[in-house]
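In the two complexes that follow, chain A is the common piece, with chain B as its partner first and chain C second.
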Partner chain A sequence: MQAALKIASTVFTPEINFDPKQDIFSVIGRSYPENVAEFYKPVFEWLKIFLNESKHIKQNIHVYFEVDYLNSTTLKLYYELAKQFKDFNEDAEFARITWTWKLESSMDENMIENIKTIKSASNFEIEVQFEDEAES
Partner chain B sequence: MSKSNLNFVKAIGTKMNEHKFLLTYKGDISQDIIKGILALTEKKLELDGTEISLKKKVFNIMVECLQNISHHGQAHENQSKYGLIMIGRDQNDFAIYSSNLITNESVNDIKNKIETVNHASKDELSEMYKEILLSNRLSEKGTAGLGLIDIAKKSGNKLDYHFESFNDNLSYFVLRTLVKPSN
Partner chain C sequence: MAIPLKDIVSFHQSMQSEDLVLVYEGEFNQEVTKSVLAMTERNFDSEGLDSGVKKKAYNIMVEVLQNICKHQFVDSEIQKNAIFLVGENEEDVFITSGNLIKNHAIAALTEKINLINSKDKEGLKELFKQLRLNSTISDVGGAGLGFVDMARKSENKIEFQFDEINADVSYFILLCRITKTTN
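Showing the complex of A and B:
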């Protein structure tokens, strides 16, 4: 199995932790790097190899996002990410993808709409959780 | 040094009060400077007790404006890239002003883009946004061309703009984005 991908967070970029052994696929923090494509290039490269390998092994993938602040170009790349997951979801024999996105505020219409847009590129649900709502 | 030489300091302060600017910056726009301006923006909005979704809107518009300047702003001769950014606040209404130099050739293009978003309804803006997400590739500068649409969507108001000739090659571009609390 492919080695984990770990990228530490900075003021401009989120922490990325893709660790198949631990079943963790998380992006936590903010995302407005000057060059978005450059920052996410290793993420897409890693994912391409991983998803290709995973098609024939029984592994469900749970993606977790905690990103509240992002620039418009990042949104474009997350849309591409959802498309890659969709292709995987259609091809995979056993594995399935679930995606959770945690937001600070349930009042954040803009981010809720953004997530809906990203979801439209996929064929699965993105469950949105809110920090300001009591967790049951 | 006599007192009168420093009168301009108070005059600037008075002007800032008049226009209720809570942040102004003019000068070089580098990654480190952007980092500093954004940290200051966030702190100021936090201290002012700005409601979270309003705070996020103002912050995100600042990100888009600063990155627009950094990606598209022009430098005059061998001087550093000029940028001006200000946030004004009147009660709960915010105005974000940004200004930078652009090439004369890009004036019409920017003007058309702003006019297009200004004439679009909320739903039309969302559609335009989606279309770019679906089709456009990233430019050489790594941008998607979503910036102005994103600013317009977050603002929910018409974007005000102004162009002024600087010299034979360059023009000033001024953009004002209003952000009001949604009811």
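Showing the complex of A and C:
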């Protein structure tokens, strides 16, 4: 099994915790690195290997995002991420990725709209969970 | 209120009579961006600014500051630094920046912002989608989506101006306005 990928959060970048052993795949924090491509490069590289290895494994992968601030370039990369997940779901024999976004209900409508667009553009099941609902 | 965009100094002075939150002038980098964002956010929190407005302002500030970081350049003959201002009055939160720009870049930038300003909410959404699909992430890590994102978050037209300094260089002034009461 692939070793975990853990990146601590900074003011500009989210905490990344992809740990297959613990069954945790989370991105939590804010995302507006100065160079988005550079920051996410190891994440995409890790995922490429992991998703390739996981194709024949009978286990669902649950990805959890809690990113309240993100810049426009991050958003573009998240669309690419959605595409990779979609491709995985189409190719994989048994496994399936599910993706949950936790949003604050006070979040700006553009952000919510963006996430809904990721959902429709990728034809991917993304569960959008609002904080208030999650707590009730 | 008429904003005298023509002169960033007089703009600054006129904003001092308003609730000016922050002015920074000098070199911009990721550390400065971090400090400016942290200070402004604290200020917004202490003023009890609506969290929706705060988030929009914060996002626009990020795009504006990172734009300056990516595109700023120093011209040893022109003693003019980049500047970043955040202001707030009863109606609006303003985010303003000024930085040097090469004159050859003005036409394309003007065209880009005019296109953005010609769009309504739905048009901006569509434009954002087109750019997202067609853009590539550049060497400096941007995808050219920043201005569209600013316009979408601000829900007002982007105000901008170029003050020519010499044959090669101008000063680019940008203003984004977030209206506090949406009704």
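Following the convention adopted for this analysis, the second predicted complex is superposed on the first by the 128 of 136 C-alpha atoms of A that agree within 3 Å, B and C clash if a C-alpha of one lies under 4 Å from a C-alpha of the other, contacts with A are read in each partner's own complex, and residues count from 1 in each chain.
One rule holds in what follows: a residue touches a chain if its C-beta (ideal position, glycine included) is under 8 Å from a C-beta of that chain, and two chains touch if they have at least 3 such contacts.
Every value quoted in this text rests on a predicted model; they were computed, and no experiment measured them.
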item	value
Chain A as common anchor, with chain B and chain C clashing or fitting	clash
First, second, both or neither for A:Glu66, with chain B first and chain C second	neither
Touching partner for A:Leu75 - first (chain B), second (chain C), both, neither	both
Partner chain in contact with A:Ala37 - chain B first, chain C second, else both or neither	both
Touching partner for A:Ser120 - first (chain B), second (chain C), both, neither	first
First, second, both or neither for A:Asp19, with chain B first and chain C second	neither
Residues of chain A contacting chain B in one complex and chain C in the other	11-12, 32, 34-38, 68-69, 71-73, 75-76, 79, 107-108, 110-111, 113, 117
Contact footprint of chain A on chain C as seen in their complex	30, 33-34, 37-38, 51-52, 55-56, 58-59, 62-63, 66, 69-70, 125, 129, 132, 135, 137, 140-143, 145-146, 148-149, 152-153
Partner chain C, residues of chain A touching it in the complex	11-12, 32-38, 68-69, 71-73, 75-77, 79, 106-108, 110-111, 113, 117
Chain A residues within the chain B interface of the complex	11-12, 32, 34-38, 68-69, 71-73, 75-76, 79, 104-105, 107-111, 113, 117, 120-121
Interface residues, chain B side, partner chain A - complex	31, 34-35, 38-39, 51-53, 56-57, 59-60, 63-64, 67, 70, 126, 129-130, 132-133, 136, 138, 141-144, 146-147, 149-150, 153-154, 182
